[in-house]
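In this document, chain identifiers A, B and C correspond to the written order of the chains, with residue numbering beginning at 1 in each.
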Amino acid sequence: MAEAEGKVIASHSRSAPGAAYARRRWRDRIASVGMAGTAAAFLALFVGISLALLAKSWPLLATKSLLHLLTSSTWRPLANQFGFRPFILGTFWVTGVALILSIPVSVLSAVYLAEYAGRRVRSVAKPLLDLLAGIPPVVYGLWGVLAVVPFVASVGNRTGHSTTGYSILAGGIVLAIMVFPIIISVAEEVLRSVPQEAREASLALGATKWQTVKHVVFRSVAPGIGAAIALGFSRAFGETMAVLMVVGNVPKLPTSIFDPGYPLPALIANNYGEMMSIPLYDSALMLAAFILLAVVLAFNIFTALVLRRIQRRLA
Amino acid sequence: MDRRRMEEAFFRVLMVASAAIVAGSVAGVLLIVLVRGLPALNLAMITQSPKGGYYLGKEGGVLNAILGSLCLAAGATVAALALSLPIVFYLQKEYGGRSRLASLTRLALDVLWGIPSIVYGACGFIVMMYLGLRASLLGGIMALTLVELPIMARAMDEVVRLVPAHLKEASFSLGATRIETTLRVVWRQALPGIMTAVLLAFGRGIGDAASVLFTAGYTDRLPSSLFEPVASLPLAVFFQLGTPFPAVQQRAYASGAILLALVLGVSVISRLLARRFERYVIR
Amino acid sequence: MPHISIRNLSVTYDGAHQALRNVSVDIPDGQITAVIGPSGCGKSTLLRACNRMLDLNDGVTVQGEALIDGVNILDASVDVTQLRKKLGLLSQKPFPLPMSIYDNVAYGPRIHGVKDRRRLDETVERCLRMSSLYQEVKDRLHRPASKLSVGQQQRLCLARALAVEPEVLLGDEPTSALDPQSAQQVEKRLVELKGDYTIVLVTHILRQAKRVADYVIFLYLGELVEHGPAADVFASPKDAKTQAYFSGEVS
């Protein structure tokens, strides 16, 4: 009897740790597969988005050539005319104004923060930039309507351009401010990654601080600054709400920055309601969304790769 | 030699001026919206839904939009969290960290982070059509999840990567498996950062308009079901601003101020929470 | 020829660690002065005080004087860019600037205003010859400097320092990161240059000091313990700490 009990106890204690450990390992493996699966699903999602938009635009692309769609200026959906040119130009004009206003201020601020500012200024700057980045676009649009549109109207009318203020310039100004935090934070990070020895080597030869920044620091990471600007561009390119509220939304080719414009995102946002009632209108808007996706994707992939290379080189 | 000094002084002035412009813009935006919005703000705005004739100037408030935005953002944040955690944990070195899948996923996160939210709205719309859904809370949540996911995952990834390797090694050397280490050690170490990432995405979710534009619809009623259209604060601002009545436009400014206050509030809460949970973190 | 004279120099980091205590010494012209001592004794600090590179460190307090040609260069009114032109620095780890070989050497003259292409060409060639790098790179002057070997990079840094026509060369352990052959080459260059330049060499390799030094300064924990002509100091060190260092007890 005692012997039998002894055997039972012995075999029990040998298998128990084995079973518990096996369970843990099994859990680990399931978790690992689950996570990998999620990551793969995420990638599939990414591809799926592009394909879905393309598929939805197909009916329109099948009837008219892409080239015709991109270059024609007539936008009359009821007459089956879908010329995207005014909208593409509108987007470029607004983005262009935004970048012209934003790049010098952002890059100079980034250089100031990275090379000249003291610890106190830098500690205030980061929360400030986060704040700027977190303000909802609609609030920027509201501010644009309250402050920028009247400003542009008065400047324009005083300089001989009759304008209501709802214009490309207004859109550009609002976008420029929205883009500041992006360019500044990326550019500043890139500048800080230049090793201190490079600066010391230059200063030891008798260069001034500015000469060092101009000839050594900047040159080391010029592609990174380019990437920062490209990120700003892609953000400005796709911004919908804030621009929509101040840009005027008139589908004509703009001739001056005081004219109203009609960027692509605004086109989609303003017309989604009618999209199902007119034939091919939904395809047209989906094509607009696809164009936006394609441009932003191209820019973002490019900047991601450039920034990665810089990180690796200086690591 | 003097030219060098002059050049330096010149650029220094430009740099400080640029920094001042940026700082001034923040102040300008906040001040103007608050200054114009606060006078029109009253208790009714926050506690009531629009009654009949609201858009013509009669009574009501934007409670429908406030609650709507909170529901949309909460739903999207939970969904994005459920997806982000596995992805970000997978990206650790111990799992797929160096595999092709992982580097592609990181690239995808960086790239998707910058996609305009209207594109996500359009995609959400396509999916909804495919599933036979109308504009609804569920539709809005789906589109908003797509917007929030890259933001949350990227911020979380940065924090999880900073977890010191020796911390994980200590856990492994005690015989823990990877999942146990991740769920017990990494999670706690990265908690403040994870919370910040979640609240960051939540804040963006409240403020985003373009993705919910066609997917969530709009209504004057309070959010009641997943399959009914739901109002959102950004759209409330937009629609009220678009009416020809100055009284209603004033309400738009007030709604804008409410939205701003909400987003800033979330940001402050996130900082406070992060500080509170710092105590478990090993430096 | 500059007369370098250090008077009562004290340097403190972050109010706590005193790297140099009341050092006073004259550095002879046209010779190689070796600054030796165990690690942490303040050798690099002494060097970096001379060309005001200490300004780049936060929290540094400097007291005393460093007279070069009778002018106290530690005074705030001094033009540091001209000072650094006069005192060239060769660091321990060679750091080529992110440009071509030619541009590296031409960088110094360019930032000080030289624009004439022919003058730059001539300066680049002359300085590369002086650091005996010219033969090796003359066919690839416009290729990136980062592609050079470490030994070549250090000689490039020497050429770069010479290009601004300094009067003094400060070397902060310039051969310790190099392989023995390159180290020897750089040493030989410095010995050849000493007639025209005053060279101050920080080194922790006693044998190197014995090889090249004309004058020796021995620092220990921030204090000046002993100094004098190399032959005298090496043959018969007077202080006990110096003797201990030479016999290898302290390093």
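In this section, a contact is a pair of C-beta atoms (placed from the backbone, for glycine too) under 8 Å apart; a residue touches a chain by one contact, two chains touch by 3 or more.
The structure presented is a predicted model; accordingly, all values stated were derived computationally and were not measured.
With centres computed from CA atoms alone, A is the chain lying nearest the middle of all the protein shown.
Distance from the centre of subunit C peaks at B, each centre being the average of the chain's Cα atoms.
For the pair subunit A and subunit C, the distance between mean C-alpha positions equals 49 Å. Centre to centre, using the average C-alpha position, subunit B and subunit C are separated by 55 Å. Annotation: 14 Å between the Cα-based centres of subunit A and subunit B. Residue positions 81-82, 111-112 of subunit C each touch two or more of the other chains. Residue positions of subunit A touching 2 or more other chains, listed in rising order: 208, 211.
In subunit B, the residues touching two or more other chains are 4. For subunit A in complex with subunit B, the touching residues are 24-25, 27-28, 31-32, 34-36, 38-40, 42-43, 45-46, 49, 52-53, 56, 104-106, 108-109, 111-113, 116-117, 121, 125, 128-132, 134-143, 145-147, 177, 180, 184, 208-211, 231, 234-235, 237-241, 245, 265, 268-269, 272, 285-286, 289, 292-293, 296-297, 299-301, 304-305.
For subunit B in complex with subunit A, the touching residues are 4-5, 7-8, 11-12, 14-19, 21-23, 25-26, 28-30, 32-33, 36, 83, 86-87, 89-91, 95-96, 101-102, 104-105, 107-108, 110-120, 122-123, 125-127, 146, 149, 177-180, 182, 200, 203-204, 206-210, 213-214, 233-234, 237-238, 241, 252-253, 256, 259-260, 263-264, 267.
For subunit C in complex with subunit A, the residues that touch the partner chain are 51, 53, 56, 80-85, 88-89, 91, 93, 95, 97-99, 107-108, 111-112, 157, 160-161, 164. Contact residues of subunit A toward subunit C in the complex are 195, 197-208, 211, 215-216, 219-220.
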